[in-house]
Amino acid sequence: MFYRESGDFKTNYADDQQSFPIKLDRYAVWVLLAFAFFVVPFFINDYWEKSVLVPFLVWSMAALGLNILTGYCGQVSLGTGGFMAVGAYSCYKLMIAFPGLNIFFVVILAGIITAIVGIAFGLPSLRIKGFYLAVATLASQFFLIWMFNKIPWFYNYSSSGMITAPERTMFGIAISGPSAPSWATYLFCLTLVTIFAFIARNLTRGRIGRAWKSIHDMDIAAEIIGIPPLQAKLSAFAVSSFYIGMSGAMLFGVYLGSAEPGEAFGIDKSFLVLFMVIIGGLGSILGSFLGAAFLILVPVLMKNIMVGAFGWPADLAAHLELLFIGALIMFFLVVEPHGLAQLWRMTKEKLRLWPFPH
Amino acid sequence: MSTENNILSIKNIEVIYDHVILVLKGVSLDVPKGGIVALLGANGAGKTTTIKSISNILKTERGEVTKGSITFEGEQIQDLSPTELVKKGVVQVMEGRHCFEHLTVEENLLTGAYIRKDGRKAIAEDLEKVYTYFPRLKERRKSQAGYTSGGEQQMVAVGRALMAKPKLILLDEPSMGLAPQLVEEIFEIVKSLNEKEGVTFLLAEQNVSVALRYATYGYILENGRVVMDGEAKALSENEDVKEFYLGLSDGDKKSFRDVKHYRRRKRWLA
Amino acid sequence: MDQDNRIGDTLLEVKNISLSFGGVKALTDISFDIKEGEIRAIIGPNGAGKSSMLNVINGFYHPQEGEVWFRGKKRESMKPYQVARQGVARTFQNIALFKGMSTLDNLMTGCITHMKTNIFLQAIWKGPAEREELEFRERVEHIIDFLGIQAIRKTPVGRLPYGMQKRVELGRALAAQPKLLLLDEPMAGMNLEEKEDMSRFILDVNDEFGTTITLIEHDIGVVMDLSDRIVVLDYGCKLADGTPDVVRNDQAVIDAYLGVSHDD
Amino acid sequence: ADLTFPMLSYRTGPYGPNGAEFADGYADYFTLLNERDGGIGGAKILTPECETAYNTAKGVECYESTKEGALIYQPLSTGITYQLIPKVTADDIPMHTMGYGRTSAANGKVFSHVFNYPANYWDGASVIIKHISDEEKGDLKGKKISLVYHNSAYGKEPIRTLEELAKKHGYKLTLIPVDHPGQEQKSQWLQLRRDRPDYIIMYGWGVMNQVAIKEATNIRFDMSKFIGIWWSGSENDVLPAGDKANGYKAVTFHGVGDDYPIFEELKKYVKDTGKAAGDGSNLGTALYNRGMYAAMLAAEAAANAQKIHNTKDLTGAQMRDGMESLKIDQDRMKALGLEGFGPEISVTCANHGGPGLGAIQQWDAKAKKWSLITDFVESDRSVIDPLIAEDSAAYAKENSMKERDCK
Amino acid sequence: MSPLFLNALEVILNGLMAGIMYSLVALGFVLIFKASGIFNYAQGVMALFAALTLVGFQTGQVPFAHLINAMFGTEIHHWGSGMNTFLAIILTMIVMIIFAWLLEKIVLKHMVNQAPIILFMTTIGLAYFMEGFGDLMWGADIKTMDVGLPSGGSLWLEDFTKGWAAEGTEYYGMYIDVLDVWAAGIAILLVIALTLFSQYTKTGRALRAVADDHQAALTVGISLRTIWIIVWSLAGFVALVAGIMWGSKSGVQFSLSLIALKALPVLILGGFTSIPGAIIGGLIIGVGEKLFEFSIGGMIGGATENWFAYVLALAFLMFRPQGLFGEKIIERV
């Protein structure tokens, strides 16, 4: 009995409703956060920043956003790349237009702009459902990318159409631009992601979260018990786009530093985020992180092992990597269709019973 | 009961869902060839689970039989696929209707005959037979099953099973959602198939009075264990059964208005 | 029982409702009323149009002809959620719970029409959102106690046995504190003991909260015992309407539905 | 210690087939140096490879994971180049974007660590126009020229230049974008068929090239009037169209075929010893040659750096100095076994773009061979230099930089 | 007739042809969706894989040559000679069937009764896997597909239509690619055959039953295993046809798998469950996007086809949420 909740009684409803009802979980989360905030920044280097931690955080943010829409509200969207582009371009235009603006607000504003765009593109969801909606959201993906590619205003009339993030600061420390220190970009992303993970948790456990989940499980029944579907779906689109917009802004501003719409925010990114959400676990905050970790870190790890440790030719390794990732995805789904988060829950449940089965 | 006679016999099975939820805790039961056996019990007792473990569709719900054995006609069947079972003559009517929504009523019935090889004509005849059992279905034969009423769907589910011409039919709550007339009718069908064509039935049923009227033998499940079994007659005479399943206390039926707020609940397992 | 005290004015009235789907006439020219505080049953053979009638009442089906009057006002064409906000709640024949959610969450969702805090307060959680949540949690816990489903509070409802799901569904409808509660075969798939429990709940709801109840049920015993008045439908037409005693002895009803007279 | 030349290659994804050939050439040349000469100036060469799949994020990851001791980067994608420009500058490692990347990086005063000699996209466009002008005996007035381009940062690069040149020469330019991946180009080619342009210029990549060339043959466009940039001029692009692709042209900044002495050496030391990066069958293809050429330029720069700093071991900064004073004349090319393979090159502090020369190659479908049909000619500096100055100034301003002094 | 009108006509004609090419890919999607409710993301990769395999057989490539060479230091690439096209097609088909069989055995078997989105995700895993596998098996270089189909503009049509334009205007005759005409013919044959199969056979009915309810299908004795092997093999066959057509057009390489993206709008427009819908959807999308690009695209900068196809499909969906011919989405309580 490694893992126990006995002795952990709740005496009121407030306790019963907290985010991590089990003490051990609660401590684990605090320790992890403390580690991430107070230890990692001292040891981080460029490689860890640019290849591992910041991408992980940025994509976690996107996965959180899509999980709200797809995992909680059940609306499968393949427009994530397009919405990230909206976030990125808003971020760029804001950076250029208000050079003095604290980058934190730039990112938040980019999120808000994306949320507005998200609502507009969410409108068809009232009538179109399931995979029909999923495919239909590709319209926004392709249209948005086309638009950012075509209209020079968005990329400030630069000759190639690339956008490059200028240096912007927070508390006088550069967060974007070439001279931003690793620890600063990392902490910036970590703070944002932490705050918004908690907000996501709050939203999904309360009234709105239940409205979303009920739409997901059975939209007609939800409507009949008094949930206006349009409002529920559009709020999910808005919140989700807000997160995705922020992640797009972070991707462009903090992580990559420059972007071109078709490449950085192409359709494959939409799929990537959807994979994260499904592999991690639909309707699970933890799952968003696990999924992002899986799809961002495992390839890096695999590459390091195959090319770095075994010295295999890079192309063979690349092909094998695809093959393994594919096989792993299928394997996990066979083992636990509800994603890594569920796998984790089941493991806990087993540990709770261990060593006495049933 | 002697074992040779048993078309189906279950020995001490244990069923676990999701690797952790233990639901059946050693259920044993025998279904004699040509018998009608009723499986009774409260909600969540494990009736559906028992039936699903026979027809082997537990796996699709992440459940598995971890102990015990199930034999059909003397052969172990736990490892057979559901299809092979149907071919051997075991057909299940699932609880909660489960029609093919997008197929028409008639197509639904015809898929019931999917494994049959005895020609179109025989199938067409049986289709007619089902229609005579359920005239309502004939009226609605061209509508998509998803748009028929709850009771109609139930008829489709039962009719579909009949189309397979099985030896053993597992009926999970056949009377659910049917009008009283039809309930009697369904059981009449059961009886006539049983008598005329020798089909064996295992039925999970909440309508205990009707079930015991038609069944030959009965089992009562409670919390994943068999707590009582016996000839149907004997069961319906049993005082506890009378009180708690038939609602006859001292031989009288009481009004639903008069049930007390806090009642003594009978549980065989303390 | 003091019938007269309990039962008040007409709460809802349907007038000349006709509804058809393509060629299928589900309802033809149906009119009846439901009085405040009464238990009104709708019975009839399979496919008679009972569930369709409930769907009309809660705005899910829009009849081709006819009117629905609610609380003395003619109801314009409405979305189901608007009807729900007026205080109509229901359960479904084919259970329509939110399968991925726990029992508790399902019931809390039932309260949703009464919850008010906006999305920003929700995001912050501490403060109004949490207070509201706890307030309704308490209300829901009452229902949980009332229905005796404490043990499955945190279980995802998809895993519950059929009968339990029916009970949770009733709980979800109750959580909305409806004026009018529509129950579609609440006792299907229950054994006697459970039916008794369910009857108890229905009567208690009716008694304690004064909720008007409309109920579809095939168990004639239950219907006869519980209801104040009964509408009988057959092939979309109204066959009879009246007190249990009247209906029980109506020959047309016996022929079309009951089979044998059920006055045992 | 060893000299590290990290390879950011891409052998998978939509552009993998092209990336593989380049990477093979790049790796094989260094292998040759190792095998034949024992490296550069006695120091062994390492070429750690990292797969980018033409993806910017992976490119950044590759950069970060290989930058320890790296001497030079060839990111092989415009997207990755843009990412890396500020980073290499900060990390003091030079980057060579040969025939791609940010064109205005030719201005060494602004882009201290980025080099794009010997020619860039704008040079390419200008050389193509020059060739067309030669074909038309110097008169382009009223001619119709269409640009079919990959609808991305890369494809859009030549537009400004071509527009400027149109003003100067009086031809009429039509722009025809093709979206990634470019499998379906019916509309574009129907339009071209209706417009009947006198010439078509293509800035394409990947499957877009193959489809375009095939569609051009389908509408029976005169292939000798269809001219691609160097990234639209590999065997991969013309082979699927078969015989009909005969006569297709592309601009290039290096030689074609395997008719140079160096290939004997490559066969002897690399291919026949089984040390080739690929299966050894692609020696002499356009992209292989480009990879090899890039490696040669890097090696020469490294040798130059060793000379300047008088050391065997190099740092990125020293390598950069080597590149900034790189001079390769024809004698040197001959010594390398590459006589006539490319123009003479000289790089200075202010000019990181090199001579900007290009030649036209033409496809012979019978022989399945490219051949050079012109000499290396200069691009129109009077048009391009101002453009470079303007764009780099904009970059400097955006990033609040000052031009450095080039004595 | 004015050249403008003739040009529009030509655009429409070519749109129809392009649309049919999309339909070829969409068909594979429809088959699998119809038979199991699985949205098969891997359809494009399957087409690529089939095409790679076909070319591999044709040219006598040694499978996994690169891997073997890397592991054992050998130098193998090709068998002595390639094989006849017909034989290669048959062998490829056998490979696709084996693949379907393995897929069922290893993966799908465990996915019975799962939510559609999970099944969808599984096929994404499959897509990754097949892409890596295909590259590993046959190499990632660009290959030329030649199964003897003619291609190029039709001279006959050009001559035939040359005189249609009004006197004194410049007109070059109408253009159509012969390969497209072939594709259209083959696609129509396929659609007829598949429609007959799914509508009028017992297996066809079983397919639809499986898509509705896996469990219930099991209880009536439909073997999901058999059904899935059949449909995935059929989808493999359709993928092969699509692979041949698109491969002949644009070479065989990774990008071939991206044609799936062109098939998706076709799919939703026609309806996920309708085989004829795939063709009609293709025609509408093909004509729509080409006409839009022809008439308006030029004014707003071009390259509109990608998004316009989706917007067009979206517009149709607003009126018919299940696509033009899809089965009505049953919404009842």
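The chains carry the letters A, B, C, D and E, assigned in the order they are written, with residues numbered from 1 in each.
To be clear about the criterion, a contact is a pair of C-beta atoms (placed from the backbone, for glycine too) under 8 Å apart; a residue touches a chain by one contact, two chains touch by 3 or more.
Just so it is clear, the structure is predicted and the values come from calculations on it, not from any experiment.
**Q** Would you pick out the chains that touch chain A and also touch chain D?
**A** Both-contact set = E.
**Q** Quick one: point me to the chain whose Cα centre is farthest from that of chain A.
**A** Most distant chain from chain A: B.
**Q** Using the average of all C-alpha atoms in each chain as its centre, how far is it in Å between chain A and chain E?
**A** One centre to the other, that is 32 Å.
**Q** Report the inter-chain centroid distance for chain C and chain E in whole angstrom, where each centroid is the mean of the CA atoms.
**A** Comparing mean C-alpha positions, chain E is 49 Å from chain C.
**Q** Between chain B and chain D, what is the separation of their C-alpha centroids in Å?
**A** Taking the mean C-alpha position of each chain, the two centres sit 74 Å apart.
**Q** Using mean CA coordinates as chain centres, what's the chain D-chain E distance in Å?
**A** Once rounded, the distance between the two centres reads 35 Å.
**Q** Using the touch definition from the top, which residues of chain B touch two or more other chains?
**A** Counting only residues that touch two or more other chains, chain B contributes 147.
**Q** Quick check: what residues of chain A touch more than one other chain, meaning two or more?
**A** 146, 149, 220-221, 224, 313, 315, 319, 322
**Q** Give the residues of chain E that touch two or more other chains, as numbers and ranges in rising order.
**A** Residues 66, 135, 140, 301, 303, 306, 332-333.
**Q** What pairs of chains are touching here?
**A** Once each pair is checked, the touching ones are A-B, A-C, A-D, A-E, B-C, B-E, C-E, D-E.
**Q** Please output the residues of chain D touching chain E within their complex, sorted ascending.
**A** Those in contact with chain E are residues 11-14, 16-17, 20, 151, 175-179, 181-184, 186-187, 190-191, 193-194, 196, 206-207, 210-211, 214, 217-220, 236, 239-240, 242, 244, 274, 279, 281.
**Q** Inside the complex, what are the residues of chain A that reach chain D?
**A** Residue list for chain A touching chain D: 46-47, 49-51, 55, 146, 149, 158-162, 164, 166-167, 177-179, 255-260, 262-264, 266, 300, 303-304, 307, 313-315, 317-319, 322.
**Q** In their complex, what parts of chain A are in touch with chain C?
**A** The contact residues of chain A facing chain C are 13-14, 17, 199, 202-203, 206-208, 210-211, 213-214, 216-218, 220-229, 235, 239, 283.
**Q** Within their complex, state which residues of chain B touch chain E.
**A** 55, 57, 59-61, 81-83, 85-87, 91-94, 98-103, 107-108, 110-112, 114-115, 144, 146-147, 160-161, 164
**Q** What residues on chain B touch chain C, complex-wise?
**A** Touching chain C from chain B are residues 17, 21, 40-45, 48, 95-97, 136, 140, 143, 147-152, 154-155, 173, 176-184, 206, 208, 244-247, 253, 255-257, 259, 261, 263, 265-266.
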